[in-house]
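The structure under discussion appears below in the form of structure tokens.
Labels A, B, C, D and E are assigned to the chains in the order they are written; within every chain, residues are numbered from 1.
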Amino acid sequence: MSKSMGAVKQAIPAEIGGYMDVAMGSSGAAVEAVSGRKVLPIVEGVVLVAALIAPLVLQDYLTVFATRVIILALFALSFDLVWGYAGIMSFGQALFFGSAGYGVALLARDLDITNIFLVLPAGTLIGLTFALLLGGFLLLGRHPSSVIFVSLGTLTGSYAADRLARGWYYLGGQNGIPSIAPMSLGGYEFTEGPAFYYLVLGILVVVYLFCRFLVRSQFGLALAGLRENEQRIAFFGYKAQHLKAIIFAIGGAIAGLAGSLYAFHEGFVWPNMVGVVVSTQVVLYVLFGGSGTLIGAVIGTIIVEGVSFWLSDNYRDIWPIILGVLLLLVILFRPLGLISFVLGERERVGSFGAKPRARAKEKRNAP
Amino acid sequence: MANVFVAAFEILSFGAIIVLIVLGLGIIASMMGIFNFAQGEFVLLGAYITYLAYAKGLPIWAGMVAAPFVVGALGFVLEALIIRRFYAAPIVAMLGTYALGLIIREAVRGLIGGFYLTVPEPIGGSIDFGTIHISAWRFTIIVITLLVMAGCYLLLSRTSFGLRMRATLENPSLARASGISTPLMYGATFAFGSALAGLAGALIVPVFSLYADLGLRFLIQGFVAVMVGGVGSFIGPVAGAGVIGTLSAALPWIMAPVVADVLVFVLAIVFIKFRPQGLIAGKGV
Amino acid sequence: PAPWANAAEAPIKVGIATDLTGPIAYAGNADANVAKMVIKEINAAGGLLGRPLELYIEDTASNESVAVGNVRKLIQRDKVDMVLGGITSSMRNAIKDPIVARGKTLYIYPQLYEGKECTPYLFCTGPTPAQQCDEFIPWLIKNGGKKFALPSANYVWPHTLNVYARKVIESNGGEVVFEEYYPLDQVDFSATVNRIISNKVDVVFNTVIPPGVGPFFKQLYEAGFLKNGGRLACVYYDENTLNINQASEIEGLASCLDYFKVLTKENPFDAKIQAAYEKDFPGNFLFAAGSAATGTYRGLKLWEAAVKEAGKIDRESVAAALDHAKIAEGPGGPAEMVPGKRHCKMKMYTAVAKGGNYEIVARSEGLVDPKEC
Amino acid sequence: MPEFLDIKHLDAGYGRSQVLFDVTLGIPWRGGVAVLGRNGAGKTTLMKTIVGELPAWKGEVAFDGRDISRRATQERVRAGIGYVPQEHSVFARLSVRDNLAVGSLAKKDASAVDRVLTIFPKLGQRLDQPAGTLSGGERKMLAIGRAMLGDPKLLLLDEPTEGVWIGVIEEITERLIALAKDIAVIIVEQHLDLALRVADYAYVLDRGRVALQGEAGEVRSNPELMRYLAP
Amino acid sequence: MLLEAAGIKKVFGKLTALDGAALTVGENEFHGLIGPNGSGKSTLMKCIAGAEVPTQGKVSFVNTDITAFTPTERARAGMSLKFQITSVLPSLTLYDNILLALQAQSSLFDLVFSRTRGALHDQVMTMLTQFRLANRAFDAAAALSHGQQQWLEIAMALAGKPKLLLLDEPTGGMSLEERRVTGELLQPIKRHCSLVIVEHDLDFIRDICDRLTVLDQGKVLASGTVSEIQANQSVQEIYLRRA
């Protein structure tokens, strides 16, 4: 274990050794969890339990706030899947989030469709479609596209969408679409509150498990290879670009799902929701929490949102500055995110082979 | 005829402004591999310093001269304290510089109270040719931009500074093994890029007035320009900026501005898709 | 602390949701200051219904999603009896549902805006297009000329305002040479300036907003628009925006608002509130009409009157009283709600920039009708 | 008299894993020294520690009588150590010309570049090509040429002939033999014959420890040697 | 013939790196590719594997014209390349590096539902044991020395069970003894696989190859059995020529 950590460090020039030291210097506990994934499930469990009891202990308005955070966590998950696992820097993830939001808002406004079984699939589909289109354009083609190209491509896409939404009268222009009717199921209306909370928590858990299954499978290994060196794995015979497009589309779909929930929960959509602001925000959540762990995305969202909420209450005039400083500190000293306090690099990357126990035996038997 | 002349001048002058803003961004992106999201705020600082000089009753040009030095020095310090840790991870760098930019921007917003403040130009008024009026200050900007461009080009191509800089970015450990002091090079490059941003801010503040989002306004345009021009050289981003700047000033002459606005970005991204190496492939300076 | 007649009773809670941070923080902070001033004043005079007023201020941060969260704090945690705030229309749109529909609370929107907001329990106390155009445009035609250009930022307010303005221009014998929309942050206007100059436009009725408006006016100036006798007009221009350009670049710019600071010279009540404000809040955040500060003052005072009349604080009763509330004195003069319309009649002033200050050049006869809903 | 490069009881490694254990070796002012050992023995690690890319955990590295173990790499290089790394030995995106220019940054001697080009005429035909697109052998030539341009007093070569054509290896060997008459050369090399032609003295590493050392001829004929080189 | 590359020309700007080079490899044949530095050996390998697109010429593999195939398609047709510059996936473990190579051709469904996982475990470990890397199986690949990485690369190239294995200087940085071992490891694959190998070590080549092709300045100087080549006049000349 310790050897491998050193290795990563060595791959980086000594000058920034300081940076990596911090990055790699995981706590002793994490080092123990070498081959298995021992820490992650604990963290996941703790977060889940906390999420389950939250509405019981929180005041009403905080439950509503928590619902919003859970929806955003779902959104963050979509980004983590794409960036943390496939190495595709989607700086325009809000495009899928927001367009789905607009889509369901229009359904509700113009067609009076608010049935949960119609609007959520519709939102998911919108996210998926947009991601397929944009991903197809950016990711497929003769030459593998560089990370920077994809990041600026998606950023520009979302920037352009934002401006389009602002300029397009049918979408309410700058003002967006207000007063969206609540999501419904038969006669029941999902207004914000505990019911809505448990609904989105349920969705989050299902999607989380789905993502977890996906990234721990051999497909996840292929993604890990992709992230390291796309060209190399193409030479093995992987259809690297297709894999990327697939994961990008899945990410888009999840973002779309989150976007439609968000639209109904907040009751309005507005151009920022497809734009750079929200796109950057989701990147912040994930990097803050720690990318490539799924749970890091959730934790990052909770903490960033929670801290901003608290700061804006207590340091009214200068909270953006404080938030900036906090972000900077975390990025400086925990470039792998808060999760790296408890999680070692090796466990984060994980391994995709045999079960840990078999491995340990292997290690002993090896010459 | 007169109309065409005015149009050409106006379009050119906006192109020059974008070039000026992108110069520093491009140098940092090309030479150091960092897309500096705080670059806009360096521009803002340059503008703010100029404003300060004006508000304190000093001659405006004094502020303009001071701006690049102050911002460059700040860049040097920030590089040593912060940016240095990011070279291995360009994406983390984007976020780190984003946070840095946020801090600077909000601090300046606090300082200027969120207002839009005017700073007069040292050379005001217009140059008149019969019925045609062109802005004297915009003309000055074009001239200074050309001079700065030429200066940068010479610095990077004719001195060993450029070579050291490129070697350092390319392979820092080998650069050290060749006797280059990489920390110094990183610091100097970043400071240089920041100083250019400071200068840009100082020169454009009379045109756009001072406000906290002044730099942010040009940031994405700047990134797109860098990509269109091609990362990896000095010339690339400059060419890209020229194209993007002129295009965004020229398109509104022939179509609805709202459409033109989106079109510029769409065109740019399609262009990059089919010519990923950019207008000028990353060769030489 | 003032001696309360009914000190045992819980205070009445007033919620303010406004942009304390972000690009228009200067306006939001001014609004918050005005609220503090008014509440202090009311409390000093013994509170309302014998109960003290308690102020809850939340930041909307020019970010609708943050705003909704914070507004919910006001409604659900602090359980305020009324919310006043929101500056941009998009902000009003975002927060009105959580306040009025889902939050069942009274909402007062203080900013000048495009009109057409007819949601029950939502009261508007800033000027509407009718109030800003009906007297202003004829004045412009007389003091500028008949050929208008309507360069605009591309969002709802300019679009809606222009529809109204065009109607007034044309019915007064004027002509709109062009009406054009730009992205909100466009900063290069060479094409527009060229159209204005080559079409010999007399009046530029501008709804371009910062950051574009500064470079736009500058480019116009440099192209000789003012020198050739052109007239700039801009209905959101107040004391805050005077500094965007050098005085010479906007010499003669005309604006029409419910209050200008110069009124303090002639109007003792205005002088009083202006002085009170400046005493409590010296510094950058001005008491000005364009940033909703006057609307905030007026809104709170109208609401005070309504509460007094209703004698209760529940939404229904206050709304019923607010429907026809009146105040005899406010910034720029008296104001009264138009019954059933939830908009407010007020006096309007036309002012012209001269050497970096405004001069009042015209004023409405009486209170101008908002003509909404 | 102290050695030119004096390494005493050196421990070094990566992160937490130690690779070198108590390595002691001395390099004379002139002449070649070979470092041998099987894959993973720690040869590259030793080189990196000498040049300062890796910190020494323990022990002492003295160069020209001064302790350099705390100095930054570039300072060591400026003090007269030249290094040809095993991997990533050229600036891939810089042209061949610029690579050579980096090598001669310290001095303004234009003729030095010409001398390198006469040793490796192949490079002369590739001057404007990015070094990353050179063939494997050409890259090695460039790396050696670049290090020589710095006029080092001590030259570290980590497998300089890997992937180099036999004819050129011969050329390089002769150059190195000539060079070793004036300066100190440490060579890590799998071609035993070549290494021992250049070197007068040899060290054999085994799992990070010095297992064998002695005059080149002695080491060559030591029956143990093959055991340490076999995988 | 398993592989036929004919008339391959590759031009980089002003430089013609390959000028009508040709290479044919039969079933179960070990073919050596030799020549001075810069003669175009790696370029030819890349053209065959699809890493470079030849300016002119045709490559056919198992009687199919694959000139227009992408690297992925070529790999799926049964080719596997080890680059001259090692390119393992540094932050993955050795185990995962091999596993990744092993199931490159599984369907998406198989990947997602991991049905192959258990069965592959033994293969991975055998592979690692063969190449003496088993005790490092769960270290990150970046922690290997240069020579060890070479071995890992060879193992990865072999893992996909290719019909044709292309090795570009696999023994770089290995000692004589290590080379011998590598040669021994390669011998058994002859049963199911052909091999093209670029090497500068003639003894090594002689030991394992059936036929040789000699490149010089982008052209084929000679091609034939090992003894034919050894006897060839012009080949001897270039071996005497310097640089």
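Please note the rule applied: a contact is a pair of C-beta atoms (placed from the backbone, for glycine too) under 8 Å apart; a residue touches a chain by one contact, two chains touch by 3 or more.
Not measured: the values here are computed from a predicted model.
Counted as hops between touching chains, the shortest connection from subunit B to subunit C is 1.
Path length between subunit C and subunit E in the chain contact graph, taken as the least number of steps between touching chains: 2. Under the contact definition, subunit A and subunit D share the contacting chains B, E. A straight line joining the Cα centres of subunit D and subunit E is 29 Å long. Annotation: 40 Å between the Cα-based centres of subunit A and subunit C. Subunit B and subunit D have centres, each the mean of its CA atoms, that are 43 Å apart.
In subunit D, 14, 17, 52-53, 73 are the positions where the chain touches two or more neighbouring chains simultaneously. Contact with two or more other chains is made by residues 21, 154, 181, 183 of subunit C.
Among the residues of subunit A, those touching two or more other chains are numbered 3, 6-7, 10, 14, 163, 167, 317, 320. Across the interface of their complex, subunit C is touched by residues 59-62, 64-65, 68, 163, 166-167, 169, 172-176, 178-179, 191-192, 266-268, 270, 272-273, 277-278, 308-309, 312-313, 316-317, 319-320 of subunit A. For subunit E in complex with subunit D, the touching residues are 12-13, 15, 35-38, 41-43, 84-86, 132, 143-148, 151, 169, 172-178, 181, 200, 202, 238-243. Within the complex formed with subunit E, the subunit D residues making contact are 14, 17, 38-41, 44, 86-87, 120-122, 126, 129, 133-138, 141, 159, 162-168, 170-171, 190, 192, 226, 229-231. Taken in their complex, subunit D has these residues touching subunit B: 51-53, 72-74, 77-78, 83, 85, 88-94, 98, 101-103, 105-106, 130, 146, 150. Considering their complex, residues 21, 23-26, 29, 154, 180-183, 185-188, 190-194, 198, 210-211, 214-215, 218-219, 222-224, 240-241, 243-246, 283-285 of subunit C touch subunit B.
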